[in-house]
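Heads up, the next two complexes both have chain A, just with different partners, chain B and then chain C.
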Partner chain A sequence: MADTAISVAAPDAVHEEAGLFGFTRAQALAFGVLVAFVLVSPFFLYPVFLMKVLCFALFACAFNLLIGYVGLLSFGHAAFFGMGGYIAGHTAKVWGLTPEIAIIGGGAVGAVLGLGIGWLAIRRSGIYFAMITLAMAQMVYFFCLQAPFTGGEDGIQQIPRGRLFGLIPLDTDFTLYWLVAAIFLGGFLLVHRVVHSPFGQVMKAVRENEPRATSLGYRTDDYKLLAFVLSAGLAGVAGGTKAMVFGIATLTDVHWNMSGEVVLMTLVGGLGTVFGPVVGAAVIVTMQNYLAEFGAWVTVIQGVIFVACVLAFRRGVVGEIGNLLKVRL
Partner chain B sequence: MIENLLFELEMAAPQVILGLVNGAFYALLSLGLAIIFGMLNVINFAHGAQFMMGAFVAWMLLAWAGIPYWGALVLAPLIVGVFGVVIERTMIARLYKLDHLYGLLLTFGLALIIEGVFRNGFGSSGLPYAPPAAFNALNIDIPIMFLPGYRVWVVIASVLVCLATWLVIEKTKIGAYLRAATERPELVQAFGINVPRMMTLTYGAGVALAAFAGVLAAPIYSVNPAMGANFIITVFAVVVIGGMGSIMGSVVTGFGLGLIEGLARVVYPEASATVVFVIMAIVLLTRPAGLFGRG
Partner chain C sequence: MTINRRTLLAGAAALPALGGLPFRSARAQAANTIRIGVMNDQSGTYRDLSGPGSTQAVELAVKESGITQRGVTVEVVQADHQNKPDVGSTVVRQWIDRDGVDVIVDVPTSSVALATNTLVREKNKVFLNSGAATSDLTGAQCSPNTVHWTYDTWMLAQSTGGAMVRAGGKSWFFITADYAFGHALERDTGNFVKAQGGEVLGAVRTPFPGTTDFSSYLQQAQRSRAQVIGLANAGGDTINSIKQAAEFRITRGGRVKLAGLLVFITDVNSLGLEVAQGLVLSETFYWDLNDKTRAFTQRLGAMPGNIKPSMVQAGCYASVLHYLKAVGDMGVAAAKASGVDAVTRMKAMPTNDDAFGEGTIRADGRKIHPCYLFEVKSPAESKGAWDYYKLLGTTPGAQAFRPLTEGSCALVRS
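What follows is the complex of A and B.
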């Protein structure tokens, strides 16, 4: 099973070094670099660009929780991401609630949607799982196209950023950046904590050998579903945050292209690595920014990267670095 | 009373027939997916893009080489099929030893490339492709409806090709090898049959089926780069509903779901886009392996 499993990260050592949040020494070092970058970068780089990267990085981390640690490839994560954006936008604009409630609402609805779709999808595995999530997400897309509250083709526009906790105005990009950074780091640590909890160990056991986990008495379906709900909820938070940053929630974020993009980000960074999704998101968002003027060629380039990653670069950027340094990142 | 009924029929019949035409495409596309999956264990995400290529090749043959519809119906699947063979030899064949999901990811990337290239070359607005006038002879003009002859032909052609594919797989020697290699590739190879070459040809044949469907679709839908992407997700749902175990299963499911979609357009139009996915959910709850699936 293990050699054919999609996760290409090195299998976990039996005795892991226990540290803060289950980081190994190399990971703690990498995490330090990540935190330092998050803290310093807004003084040098355009905050809106950084916030976009962080939103997609959280999205990719949520996606990686499923593919990297449970071995389930969801091709429908745009549904949770986009719906999170719509819910946050509606909450902030129409109901006039504060941004933190809007984002939490986006995450909650993402999780509920994930409960429904996951409950159906975990009945099958492998390729079928991917096709089912894709089809269910397409259904969500059609719902968003027709439902009145999403604004159809126009989407929800001019979503107010409001005041955090009703107190701190988030109008300047610099202030909002720190909220987005906190959400990202919180989500990142949550994923890492989950993966290194006893629950996470069972998740990995399901990935490596599901019948064996079942025979040991674990209800593997419950574990898969809970992982799916967590992943969907975090994707909803990421989508809600993105909607607050840009002030719009549109059909782009629920379209299956977006599901493909998050797969690509995780693949480029390294499936099943801790830091891969973050690096992958940064690479792809940067690329989209610089190549925006080439129009439709961006799709072609993304396709080429996909093919190149699958054929020759299955470990991804972080996986390759980890392999060179002989550490797990 | 009877007038009322006639009126209702007049409303419903065109939609149901339209559904049948869509079903013809679902059947052809899911048939190709099922053949490829059975032999290669790869879900061909590029199937929609190859369908679109079929339509574009037909258009190019007419516009650039003056080759009419009938020529395109034979040539376009061959050309796109050869393209498929090259793809299989150079890329997909390297992934057989890995998790099947890599095949899905690779073909997804290929679909992005193909669609992007065609969008750059031809724009996204769509090109017209007129059906030959000869099909007007097939026009059905009865009191409750008017049906263009070309659509009648699409349904007939789809049924014929599906039937022919079924006959080849179930009744010929090649089909027997194919079925055997689907079950136990190593054993078949031990008998001296070149299984890798069979896999290549199977992929080419599945792709050619998609291209054939594309040529059929060219006169109905405008020839545009997105035409396959819109179809393929619904076809995936069709495949999940039918289960990929049987050839006949995917054909019957394809036509059946097309009809149901058409009926939904009459009864509750808002649901017509989603009815296939709802049915998929119900099937997953009651028969997770699909209607015709095995285990």
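What follows is the complex of A and C.
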């Protein structure tokens, strides 16, 4: 009796697990490694650096949701990322809101901005889509340059970290790290859940063959727009979190360079893999930070590494590993 | 074969990225060691102006301070902030938290400088800024841990605007980059021009960033028949407008002068005298100004890229020299323990160095020294390499910078 009960319950439990987040076995393993890394690393590595990695990892995940699973190359994601930062910074500094509200506010504004830009951009595809998003992002950049609340080229400085829920002070890097880690893991799981939901299936169908998805009765524009808004909202959350970490929100984050950087992160990590953007963000941010002391060599080393990546592993770090082990990551 | 090559390349690509990551141990805080971190732009637009030359100037200051002969070890580290505030602020945090850096030096680019300013105050270390232009560092965002040494926007506007009118340039027309920084420069300079009895005939706003063709703006300025065309812009915009003004021969004959509000000797060097001749600008240091500055330049030796020291690099030298004097005066332990104390001591001592002469540091952190209005020589007037400037006028230190009471610095009121 007991034996049969267990043998029935066990596969059920596994199925429940897979149903919850849609992880395959390899992915569950990789996710375990990721969680372990997030939990253990602050004891060995510098927390501020790790928080920066996590913010960019979330940003890259949001971007990957669009390019990896809907096949839309947005070249204007810096607009959502940077605007999220500005909104979170402004609401925390001037309005005195608590950090979690400020970050949510950043995400909400990112999503609304995404709704507007996405509504226009999804009418075209391919290079035209990329160009429309770039153009709209440039408009956002000019807005941020001129608007009084952004502080022009000095940016918003001295953003207070405040108290989480008005209770827990976030002044030490260590406390803030756990908040950032929670936001990142939440965002990561959300992206994963979306990708492996029925909605995600349709997204992938649109990526593979849009006319066919249309002919099957799906209103593909609605799916594309919703994916765009989700992606923009998450990018806004990432930007808001970054503003909280560094206490600054500046033009760097809305500049088109940032849109390029997130493309780079996703490419290096592995396009269309769940874990790729995280690895890619870690690689690029690490290069930026730890190569800073090489002075003028930073750009040269970055270039060489990028060339090596493109030549040697086109699927990206995670894509190649997945290919080697014959699993989907 | 493929896999071998692939693994090889992958390994090569991953090494530098990972190499720095886990093995950077936190060095022990040696009690008798002062660590100086020089952070600036080592790969972008401000490389010549600050860059490795600043580090060289700091090393000279360490040598000349004589502090090492008294058993104090001084270590100089440097980093590239890539003009990104988040990269800069991560570097500064790591330097202070893990590597035991006591002083941050240079830091051009206002947004990075302001971020550093906040951090250094939070951690109670010392910030000796030389490269940034924003007068907020000694104004609304002033800090007891910061000394702003070389120049600021108020000073540039006042010198170029006021001294230029005194030198005969009565009527002005502005070409202004259309964002907060450009507007502020235009407004401030215009006020100084009017205060000295000059007049502003008009201004034209150029879209920023992205304007590359300044010809129509320059012609508009020319039609206004103003004696001085003020360039209220920076970086590439300034370079482009100067180049195109030379192509249109606007300044030939000497009736119309071009006034750069944020131009440095390194810009003049890269433009060349043929293009830059006749340009009027303000600096607080010029290597060929007097015997002392020439001696300082001599001692500095060959600079990377074969340049002469800029005022920013001279400021790095002078500020570190003065800081180390204060350290020698109060003792290493006390200086390391509190950045506020070290800066307070620096403010209490009069400064004296070969680059800027005698001066003082004000309560708000503003270093006070004279400011010079220069005109760029024509190729015929120039006697050799880097013989670029002739002196038009000097503003004494007492008048060169924003009055203490007008900066709305909290340190002054208390």
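Following the convention adopted for this analysis, the second predicted complex is superposed on the first by the 289 of 329 C-alpha atoms of A that agree within 3 Å, B and C clash if a C-alpha of one lies under 4 Å from a C-alpha of the other, contacts with A are read in each partner's own complex, and residues count from 1 in each chain.
By definition in this document, a residue touches a chain if its C-beta (ideal position, glycine included) is under 8 Å from a C-beta of that chain, and two chains touch if they have at least 3 such contacts.
Bear in mind that the values here come from a model prediction, so they are computed numbers and not experimental data.
Once the two complexes are overlaid on the shared chain, A:Gln146 sits against chain B and chain C alike.
Contacts of A:Arg124 after superposition: chain B is touched, whereas chain C is not reached. Within the superposed three-chain model, A:Ile132 lies in touch with chain B and out of touch with chain C [touch as defined at top]. Once chain A of one complex is fitted onto chain A of the other, the partner contacts of A:Val35 are absent, as it touches neither chain B nor chain C. In the superposition on chain A, contact is made by A:Val283 with chain C only, not with chain B.
Once the two complexes are overlaid on the shared chain, A:Gly155 sits against chain C while remaining clear of chain B. When the shared chain is aligned, chain B comes close enough to touch A:Gly260, but chain C does not.
In the overlay built on the shared chain, the residue A:Leu311 is in contact with chain B and with chain C.
Once the two complexes are laid over each other on the shared chain, residue contacts for A:Thr299 go to chain B and to chain C alike.
Chain A residues 145-146, 295-296, 298-299, 304-305, 309, 311 lie at the interface with chain B in one structure and with chain C in the other.
If you check the complex, the residues on chain A that touch chain B are 4-6, 73, 75, 120, 123-124, 126-128, 130-132, 134-136, 138-139, 142-143, 145-146, 256, 260, 263, 267, 295-300, 302-307, 309-311, 314. On chain A, the positions that touch chain C within their shared complex are 44-46, 48-49, 52, 145-146, 151-155, 157-158, 242, 246-248, 250-253, 283, 286-296, 298-299, 301, 304-305, 308-309, 311-313, 317, 320. Within the complex, the chain B residues that touch chain A are 37, 43, 91, 94-95, 97-102, 104-106, 108-117, 119-120, 233-234, 236-237, 239-240, 270, 273-274, 276-278, 280-281, 284-285, 288.
Against chain A, the residues of chain C that register as touching in their complex are 5-6, 9-10, 12-14, 16-22, 24, 42-43, 47, 51-52, 77-87, 89-91, 93-94, 97-98, 110-111, 114-115, 118, 134, 136, 141, 178-181, 208.
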